[in-house]
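Both complexes shown next keep chain A, but they swap its partner, so chain B is in the first and chain C is in the second.
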Partner chain A sequence: MSLRTISPAPRRLLGALACLALAAAVTACGGGGGEGAAPAEQQPPAAACPKSSGKVNLTFWSWVPGVEKAVEEWNRQNPDIQVTVKTTPAGNAGTYQNMYNALKAGNAPDLGQVEFDSLASFRLQEGLTDIAACEPVKQAAGLFAPWTWSQVTFGSGGKDGVWAIPQDTGPMALYYRKDLFDKHGIAVPKTWEEYYQAARKLKSADPDAFITHFSQTDPNWFTGLLWQSGAKLFAQQGDQWSVTVDNPDSRKVADYWQKMIDEKLVATDLQGFSPALYKAWNSGDVVTWISAAWGYSTIRDNAKSTAGKWAVAPMPQWSAGEGKAGNWGGSTTAVLAGSKHPYEAAKFAMWLNSDPKSLEILNREGGLYPAATAGLDLPALKAPVDFYGGQQIFDVFAEASKGVDTAWTWGPTMVDTYRFMSDAFAGVLGGKGTLAQALQDVDGKTAESLRKQSLQVAE
Partner chain B sequence: MSMLTDIAGAHPPRHARLGGRRDSPAAVGLAFVFLALVAVYMLLPVFWLLVSATKSQGDLVSTFGFWFAEMHLADNLRALFTEQDGVYLRWMVNSLLYAGLGAAVGTLLAALAGYALAKFPFRGRELVFSVILGGVLVPATALALPLFLLFAKLEATNTFWSVFLPSVVSPFGVYLSRIFAAASVPDELIEAARLDGAGEWRIFFTIALRLMSPALVTIFLFQFVVIWNNFLLPLVMLQDDRLYPVTLGLFTWQSQVSREPGLQILTVAGSLVSVVPIVITFLLLQRYWRAGLAAGAVKS
Partner chain C sequence: MSVRHRRRRWDPWLFLAPFLIPFTLFTLAPVGYAAYQSLFATRRVGGTFGRRTTVFAGLSQYREVLTDPEFLRSLGRVLLFGVVQIPLMLLLALLLALLLDSAVVRLKRFFRIAYFVPYGIPGVIAALMWGFLYDPRLSPVVDLLGRIGIRPDFLGADTILWSMANVVTWTYTGYNMLIIYAALQAIPADIYEAARTDGAGGTTIAWRIKVPIVRPALILTGVFSIIGTLQLFTEPQVFRAISTSVTSTYTPNLAAYSLASANNYSEAAAMSVTLALATFVLSFGFLKLSSRKARS
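Right, the complex of A and B next:
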C-alpha cells in the first residue's frame, strides 16, 4: 500500500504576486522587507521559523520499515533534539485518518510521513506547516530530484512555501524476463508501439504467456503511466480547481491499453501484489512488469525461482528517442500544523532525507529509493544486483528519475479518484465499456467529489 | 422487562432422550455429511494458515496453498520473534493484557452492576437498565472517534489506558449478569445471609459471585474475544508500536509489504501464533461457556 503515488504538482501561481505576499514574512523571496508588504491574498504569510531554546522533543509518525534505526542515529548525534518515532500502519491504511483526527484534537505529531499524492489533501485541510523560512530548508532546493521539489512546493519553486521534504520516489522502468525475450527473439521495446509488437510476438510464440498484467486494483500504477504520457489530470488556479482526467494524452494511454486488453495480450485476471501474479511470474506466464524502483524487491522476493533471469530497461516511450518516465509511489516528511518546534522539525526532516548515513539506513532497512540526488550514489544503488543477472539496475532508475515530468499535479481528493478508477476499471475488465469511457466517468465523479468538499471546480 | 426476571432455573432440565423416537439412518447420514461439510468449511482457513506458516516467502506464493512445501516453520518463528527487536512478543503480551485483564475487570464490573440491578429495587432501575440495553446497540466502531477526542482532551491518547479503559465497559455483560443474577441467586438466600449478619459486599463476593459463575465465564469469554478482535479502537488511539495489540501489529506489517516483501510470511506466521491463546482459552473454559449460553434459554 505504500506504493501510492507521488506527487503533486505545480500550482502555477503568479510568481511575483505570491512573492510579494510572502515578502512580508521573511526572506522567501530574497527581497525582504523594503518594498512595503503587500497584503497577503492567498496564503497567510509564512511564519518566521525561530529556533527553540533548550532541549526539544519531537514526535514523528512513519511506516518506513526500519525508520527507527535512522532516528536512533539522529538522536545519538543530536542530544538536544530528541525524536520519538512511532511506527504506524501505511497512510491510507488508517494513519492519514489518525493524523487528521489528531490535528483536530490538537495533539498531532510534529512530523509525519505523507505520500506525494496526499500532500494536496493535507494542505487543503491546513494540516501542514510551511517551512520555507526555516534555515535548514533554505538550501534544500538543489538537493532533491527536481520533480520532487516541484511536488513539495506545489510547483512554485518555493515562492509559495515549502510544505514537506521529499523522502523517496518510485521512478518507473520496464522489468522484463531477459531469458524469455532472448528465447523468442524479442528485442527490448523502446517505444510503446514496439511493446505492443513484442506482446504479439510473445503470444504467437507462447499462447499461454502474457506480456504483462493489467490490474484493476492498482489505479496508482495507471496514473504512473499517465504521468509519463504528459497527461495533466488536475490544475489549480488560485482557489479554483479544474479536473481534466479525461484529456487527449490520457485518452491515448487508455486507448493503447484497451487495444492490449481487446487482443488478449495482457492478463486481466491477475491483481497487483497477489499470490496469483507471483505465481505467473514464477512460471513465466507473465514476462514484464512496468514498475517503480522499489518493485525490484517485490520480484526478487516473490519470484525466487526466476533469479538471474530478469533485467531492467527504460520505460517504453510514446515517441522514439524521448527519455520520459512515470513515477509510482514515494513519500515526504512533513512538519504538521501546530508543531511548536518547526525549526528543529525541519532540521530533522532535512537530515533524515539528505544525510548519506540516514539514506543508507533507509535504503537498507526500508528499501527506499531516495529523493535526494546524493542518495543515488549510495554503494547499494551503484552495485550490480545478482537477481537481475548482475545488472546495475539502479542506473536505469536514476536516469528515469530525470525524465519524470515536473509539472504533474495531484488532485486534492486522490483517495476518491483512485476508488473511482478502480471501480471503473473493474467494469471495463468485466466487459463493460472501454478504458477511455472509464476515464470520462472518473473525470465526472472526481469533479463531483471536489464540489462535495466545497471546492470550486471550473467547468 | 419483568419477564426477564422471573426465570427460575439457570439450567434447563435434562431430558434423558427426546421422546425416544429413533431417526432413520438416511437422515442421520445426511446430517453427518452436512455437518462434515460445515466443519471443513470452518477449518479450511485454519488449515491454510497452518500450512502457509511453514513455507518460505518464495514458496508461499508459488506452491499449492493447501499443502506443505519445504518446511520453514522454525525459520519463520525465529524471524517472527526477532523482527524489530522482538516487538511481536510485546504485541502478544499487550493483547493478553488488554483482553485478559480487560475482560476480567469488565466481568467484575458487569457482575456488580447486573447483581445490583436484579436484587436492589430502586427508583429508575428500569430506566437505567433500558439505557444500558440501548448501549448494546451502539457499535463500538462508532464510538472510537469520540473516545479519541475525549482522551485527547485528557492528553491520554497513545497510552495503555486509552485502549484498556474503554474495553472494560460491557453493556451486554451487564444485561446477561442481571438476567442470570435474577435467575440463579434466590432472594431467600440473600435474606438468610443478611439475618446471619453478612454485609452486602460479603454476600456478593462469597455467595452471589459463585452462584453466577457460569454466566460470568460466558461474559469473560465474550468480552475477551471482543477486546482481542477490537481493531479500530487501538488503530485510532495508538501510534506507539510498543503498545499495539497483536492484531494492529500484524496489520501494520501487512501494510508495509510492498516495501519489504519478507514481512508477508511473518504476518502469516504471526497470525498462526496469535490464534494459540484464543484456542487455549476456549479449550479451558468451553464447558462453562456452553452452560452459560444455555442459561436463560428455557423457562421452567
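Right, the complex of A and C next:
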C-alpha cells in the first residue's frame, strides 16, 4: 500500500496543512502595515494645541500597578475630562507592539506609558504628538529632574518639541547583604576596584557565593552601567547618527565585567527576575544587586526571608568620590499620535506626574520613584524602610539622581540594540568571545539596523 | 436543464463556504499581505524624525534575509534539531503504537490516554514546567543527580537545543502515536489470520505487515513534524527567560518575531515568507522522496 493508494484525501489535507503552516509563519510577524501616510499618523502642527469644547473622554494605557487609583482621583476632580485607563503588560512584553499596531490602525489610545529608552523609537515611527504648544506644558521645564526633561525634549530644551511628560526614573545604587558583608568582614565598596576585591574576598570566604549575577537578558541593566561610566552609545548631528557603542569607556566597563566572569566571581547562569535568582537571594548565594530605585520592591517581595538584612549604598565609582550614578528604567506619559484632544491629554499627563496627590498614589501603589522634583519630598521617600533595616534608602537614590549624566542619548532603535546586546552576551556566557568583542558586534549590528530604518549613519 | 446544471456546479461551493470564507480571510489574505509587504522598504523624508514612507524595493528584503548569517544559523539549528529529533520521536511513537496494538499489553485505554495527555497541555505551560526541571537551582532532578555526583547542565549553550528536543518529544510522541495507532486499528483482522497461518510470529507480523501498512500514517506524522520543527517558537521563547544561551534569533520564527518587534515589518515579512517556502520545499520534498521509495 503506497501513499498513492490512500491518496488523494490525505494529500489534500497535507496541502491545507502546509498552507496553515505558512499562515502561522506569516502571522508570527505580527500585524501592522508598512504604509506610511495613514491619516492617523499625521501630527497636528506643533503651534496649535486648542482646548476641546464640551466633555472629553480620553483613553490611557499604562502598566504602573495601581495607576487606576490615581486616574480615579483625576476623574473625581475633572468631571469634564474623563480618563479611562487600561492596564497592560510592560512595554517590551508586548504593549509597545500593540501601541504600534493601534497607531497603524488609527485607533491608538490618547495617552500611553512609554519608557525613556523607547521615546526615540516611537518618535521615529511617528507615534508621538508634540505637546510643546499645550498650555499646561508651558511651565513644565523646571518641574522635573533635568536629565528627564532633556530626554523628553530630545536634548533641545524644548526647541525641537516636547514629546512626553517624565513620570519616574531609576537612579541606580548598590543593594547589598549587610549581614553577610559584616560576617565576612567585607567593607562596603566605594569603587569598582573595591567591588572586585569584595567579590574575591567573598569567594574565598564562601566558595558557593557570588557577589552578583550577570544577567544576559537585562541589556538595559548593562546600559545603566555604561551610562554611569560616561560612555556615549549614540550621537546625533543634524540628520546623521553616530553609533559609538564600542568606545573606550564602554570597553572599560566590558573588560571589568569580563574579568569578573573569567574569575567566576559573578553567577552567569542566573537570569534577572527569575525564580532561580530569587532563590539565590534568599539562600545568600548572591549577595549584591546593582539596581534602580524601583528594585527595592523586587528584593523586598521576592527575598522575604532576608528581611532586615539588606542595605543600600551608592553605586561603586570608577574614580573614588565622583558621585556618578547610572539609570535603569523610568517612564514617561506620552500623548500618542492621532489623539483628538492633545490639550486635555497633556493636562492629564502633567497632573499625573507632578501633582503631589497623584505622585503619592503612584509611589504608594506602584513604587514609582518620581521624576518630578517636588515628588522627592514625599513623606514615603523620607521614611526609614523596615526591609532595609530601617535605613532611609531613598536618600541614597535622591543623591544618585543628582549624579545621573544629563547628556545621555538613546539610539532610535533601542529594541534592536538591546536585542543585539543580549544575543552577543549569550555567546560570551557560552564561552565564545569577550564582552568587549560583544560590544563591537552590537555596534556594527546597530549601525546596520539604523540603515534598515533608512537613517543616515556616519562612518 | 441548463439551470439545474448551473446550480449543481455551485452546490459544492455552497458546502465549502463555511471553510473557504474564514480560510480566505484569516489565512490566504494575511499570507498575501505578508508577501506584498515583503516587497517594500522604509524611507524617510526630512531627516531622522521626518516623514516615514514606504517604497517598492523589489526583492531587496529577501537579499537581506538570505545574507543574514544569524538567520541562516537559525535555519541550520532547526534542521539539525529535525534530523535528530523527528526520527527519534517517530520511532518512539511507532513502538508505543505497536505495543498498544499488540495483545500483550493490558490497560490499553489508560495508556492511550496517558501518552496523549502531554499534547493536551499548552506549549507554554509545558515549556515552563520543563524549565523548572532543568533549572540547576530549582530542579529536584538536578538535585538528585547531584547527590550521586552527576552535574548535568540542561541549560548550557551546547545542551539547550536537546533540552528543547526533549520537551517537543514529550509533547508530540503521544499525538503521533495516536495517528499511527488509529491506522493500525484499521487493519482488517483476516490479514493477521492469514499471516499466522503462514507461520508468522508477533514480531514478524509487526515489522512485515503492520509497519508497511501504517507507512502512510508515518509519512503524515513525518510531514507534520517537519512543519512543526521549522516553526519552533514556544520552547526557545520561554527558555530565554531562564537560560543565558538562547538568543533572539535562535530559531527562524523567533528571528522574524524579533524583527517585527523592532518595527522592521518588511524584513520580518520577507523572513516569514522565506521560512514558509523552506517549509514547503522540505515537506513536499519529503513526500516526494517517500512516495518514490514506496513505488520502487
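The working rule: the second predicted complex is superposed on the first by the 414 of 459 C-alpha atoms of A that agree within 3 Å, B and C clash if a C-alpha of one lies under 4 Å from a C-alpha of the other, contacts with A are read in each partner's own complex, and residues count from 1 in each chain.
In this section, contacts are C-beta pairs under 8 Å (C-beta built on N, C-alpha and C of every residue); 3 or more make two chains touch, one makes a residue touch a chain.
The structure presented is a predicted model; accordingly, all values stated were derived computationally and were not measured.
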Where does A:S204 make contact in the superposed view: on chain B (first), on chain C (second), on both, or on neither? neither
Touch check for A:S53: first (chain B), second (chain C), both, or neither? neither
For A:S319, is the partner it touches chain B (first), chain C (second), both, or none of the two (neither)? neither
Contacts of A:E126 with chain B and chain C, given as first, second, both or neither: second
Between chain B and chain C, the one with more contact residues on chain A is chain C
What is the contact status of A:K279 with respect to chain B (first) and chain C (second): first, second, both, or neither? both
Name the contact category of A:N302: first (chain B only), second (chain C only), both, or neither. first
Contacts of A:N98 with chain B and chain C, given as first, second, both or neither: first
After superposition on the shared chain, which partner residues are touched by A:A90: those of chain B (first), chain C (second), both, or neither? first
Intersection of chain A residues contacting chain B with those contacting chain C? 1-3, 97, 275, 279
Okay, in this complex, where on chain C does chain A touch? 26-28, 30-31, 33-34, 37, 40-44, 47-49, 51-54, 64, 70, 132, 135-138, 155-158, 212-213, 215-216, 219-220, 223-224, 227, 230-231, 233, 240-249, 253, 256-269, 271-273, 275-276, 279-280, 283-284, 287, 290-291, 294-295
Quick check: in the complex, which residue numbers of chain A touch chain C? 1-4, 6, 10-11, 14, 17-30, 32-37, 96-97, 100, 121, 123-126, 216-217, 236, 238-239, 241, 268-271, 274-276, 279-280, 412-413, 415-416, 419, 422-423, 425-427, 429-432, 449, 452-456
The chain A residues in contact with chain B across the complex are 1-3, 61, 63-65, 68, 86-90, 93-94, 97-98, 101-102, 104-107, 109, 273, 275, 278-279, 282-283, 294, 297-298, 300-305, 329, 366-368
Touch list for chain B against partner chain A, complex: 56-58, 60-62, 65, 84, 145, 148-149, 152-153, 155, 157-158, 235-236, 239-241, 248, 251-252, 255-263
